[in-house]
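Shared between the two complexes below is chain A, which has chain B as its partner in the first and chain C in the second.
Moving on, here comes the complex of A and B:
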């Protein structure tokens, strides 16, 4: 029986007292979690705090109804294991999505349903222990939240959603990868307002440098529009593009130039980073980042949010802008690939057939393709100027994750795991295509795929963005 | 014995059916209520209901998993098991006769020979599902006691029912077998709302429930932090 009401059951003092008995020392916790915790911020009373955070999350969000459903129906058929590239690599039952989800679902069942509470009293032991919470933290950050397994569950369980909820609860007790929380702190509270802590002056220099590069390459005078009021699109790219993916930005700017849409887009100097790690670990962060985007949109009088080549930035804006940006009045969200494809379809830009001779393949970022949002547009563009385009198998909605999804790519400490476990199937997939260029329209995927190729003997493969190649193929009159 | 059978066929059957029906109705209504409440709180109320329902329906037919390389046999057998376990109890002529007798309602019935084959198929499928669960490392390790018990509990009324329908094959006393059939079926009906068999109703709302799970109430993050006393804290 489920405890139904809009307020949750009070956690009994006796239970909380039982949960408060610490079993692991802070040093042990620090050692086991290593990257999933900030140094010297080891929380005490883990089970009690986890349960309080879980109760608060269930009370204020829409997760309880779905957690309750999932806790009752699992078939434990392991169909999801067929879709999980991590399990396919390790064959460890702990990597089966259903096993991972059950860690949280069982905590719900034991502590938030009448039957579970009675069962707990009869057994005399609470379900949650320090060890179990540490296992959850490790397990939920081993998952790349690619949601491929959700396509395989006959009962409709979205294990990606369970991972999202579990990470949210864990983050509220301080268990979140250091790399993510430090970047987010800088983005939301730091002086630079971006996850890489790049001062605006440095970004401005970069943009000027890129303008010169474009002039040298293409012979055109192009400026990156900054703080132009009244532009249609306000552009948010992952800030790392300004440091590491210059060609992607050059490609995007040149597409706007070629389409005659120079005045239709702008970048905000105050908040330009599309990265939103909230999608990976905390709904409060997710909302804060999106509200900052909306604030800039209002400040500059723009109409639409335009997201650069970034999977999670695109999904977090596309899927949640209505929620946090004003419901039906929320600004539309457009991915740059949609804009470019439309410009090409309308004949506003032209691409030189055969501009790229080498074999090219396309990697579908999970956050863009898993729901079927953008699949054909980039392929149509690539086929227009690549003489040898081949598909990976599987691709589209069924694509394999790069292996660094769910924010794990930002954690350098786990590179051996990312490239030696989660990314191995991707490496095999890329190798099978024989492609020279792997086009990945996502900053996270690009970083991960480069490391995957490097660590898996694919030294001939070059990982690029879609607009990197479009930049080379654009016909400029 | 006759008194036992009369009790099992009369009041106990009604209690079992009522337990199942009320339990399922309660679970279904609560889930619909929870989903409605979630919808009411969601900042984004554009929900692709049709798509969500379609995703549920897609799993009713086997084409979805025929496209992949793994576990095709398991899933196909599971499909056959579901066909049998639903069609035989509902459309068996003997069962419909009881409905007519007890409640004055009835419907189309299966030809006896087809019902026999479906029964054999269901029992075989239950056995195969158990063996395949045992043989699949991930599924075996994940399984809980009810995952092993339920296929047996589902198969038991089928086996006993088959012998009731074919007395010349029945190895024990016909009345005892009939009592076993009634009691095992009633036990199964009664545990439906309290086991994973509750997916009979919750399956239909799992995809809409997921959709609502991804639709957040605006400001929920702030309220969670306030509840936890972290209102003034930074990231």
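Moving on, here comes the complex of A and C:
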């Protein structure tokens, strides 16, 4: 049958207006995504490059199955909106998780399914425009990837995963927050091999300083074990702890000392950074960081990977080690809270009841609690030595995000957004508990919660790590 | 490349206003950078923090651990925030001519 031009459906004026929009200039792109791209790397020809990168990701990963499955679901019921603390704050329909996910899914439907391609040709609707790609970049970095919405989706869409895939594709064409790329570049290619660019000499100086501090506080001679071959646990802290979180590290070292496990753990001098921003934006980076951890494990003949107080470092290792770190031979991954809880349960360490009098509450890092991985252990520990422990509501699997998840906490440019939009619900939650100490066993959450408290008038709140308080409560004979 | 100019001082800075070539740092530069951090007058207390950061940076190539900074200068963390409103890692380091800290700092 011949198709006459008259019989073709007419384009709506709105769509025509959209199609006749001029391409965005590099300056315009730069303006809209100021924190997302490096100034000298403004990408051009965005739609073509986006589709090429998308096609490559679909072809070379297992994500095609997922995306294809999700794309068959309309995903418009917006049940997820009541779980999203960002939507609850802004009430902007663009912040509904399934609206966000549909940005990528529409691109898939239009360009990678038969129906979409045929319809597109007949109607002459090029779906992807510069504008839409920019909207994706903005939208997917407004999401903190806390995955609370995935608990609500009646059709089982993991919107956090869609955010991850979208950011993966965007990062392949150079759209990724500058702060994350700079840190990752230092970790993978720099001289120091860590995201905070701390040379080994400085780490060594810091460890010696911490040893002196522990001696002053506790009167014990303890050394941080470095490059001990054959230790069971190889320890990876988020490297920022070596600048920011003295007490967390002191607490961890003292727990090992008190448990008599001084020989069971070690730190590698060559690569000691557990931070893995790949989880936030790119699977190549994710894989490279995990392989570096496994390399050190083999070098030192250790058996298990032990991650310090860090949510994303823990989940990236726990969830992806099998995929990227050696398949069935992949080493087990343990979080420091699991180790400490086990040592306490086995009676190897003792905690002084009532050691902390002030009111204490516990913040679940999304990357640790959303899947139900570690929820009760830190609470049991805290109840053992805090006389006034209270819960935030909701908590555990249903916790609210600190507001700086998904790597957004590292982007200083969006602090007003993080503390004024995404973190507001958290601030209200903390205020309602009346707690003095908020225990957040995650470097990301700690930084974000401190800024949230500062910007939301919670000046009496102190944000600490779990081991900061354990350090004070440990009974040393 | 953004430049930062104030009075006689002209230096190359990054997008966040941190020095790109820390070896160009001197007291005049510190005073000029301090104004961008809302510090109009560098008092003796400010200099104590700045000089310690500077010294540590020249020796180790990075800022010291915050607890160490507090201990060596004798200031509590809150007092450092009073001196440099955006804190030790951002404000004080910027005035001392250190590069912007990266990672989860």
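As a convention for this text, the second predicted complex is superposed on the first by the 454 of 477 C-alpha atoms of A that agree within 3 Å, B and C clash if a C-alpha of one lies under 4 Å from a C-alpha of the other, contacts with A are read in each partner's own complex, and residues count from 1 in each chain.
By definition in this document, contacts are C-beta pairs under 8 Å (C-beta built on N, C-alpha and C of every residue); 3 or more make two chains touch, one makes a residue touch a chain.
Quantities reported herein were computed from a predicted structural model and do not represent experimental measurements.
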| item | value |
| --- | --- |
| Superposed partners chain B and chain C on chain A - clash or fit | fit |
| First (chain B), second (chain C), both or neither touched by A:77 | first |
| Touching partner for A:243 - first (chain B), second (chain C), both, neither | second |
| Touched partner set for A:179, first chain B, second chain C, both or neither | second |
| Superposed arrangement, angle subtended at the Cα centre of chain A by chain B and chain C, nearest 10 degrees | 150 |
| First, second, both or neither for A:202, with chain B first and chain C second | second |
| Chain B versus chain C as contact partner of A:188, first or second or both or neither | first |
| Most chain A residues touched (candidates chain B, chain C) | B |
| Distance in angstrom between the closest Cα atoms of chain C and chain B, superposition on A | 15 |
| Complex interface listing, chain A residues touching chain B | 2, 4, 6, 52-53, 56-57, 59-70, 72-79, 81-82, 87, 91, 93, 96, 98-99, 102, 115, 150, 152, 154-158, 161, 165, 172, 181, 184-185, 188-189, 282-288, 319-320, 322-324, 327-328 |
| Chain A contact footprint on chain B (complex, rising order) | 27, 30-31, 33-35, 37-38, 41-46, 55-56, 59, 65, 68, 70-71, 74-75, 78, 133, 136-139, 141-144, 147, 194, 196, 198-199, 202-203, 205-207, 209-210, 212-225, 227-228, 230, 234-235 |
| Chain A-touching residues of chain C, taken from the complex the two chains share | 15-16, 60-68, 71, 89-90, 99, 101-105 |
| Chain C contact footprint on chain A (complex, rising order) | 39, 178-179, 182-183, 186, 194-199, 201-202, 205-206, 209-210, 213, 238-240, 242-244, 246-247, 275, 409-410, 412, 443-444, 447 |
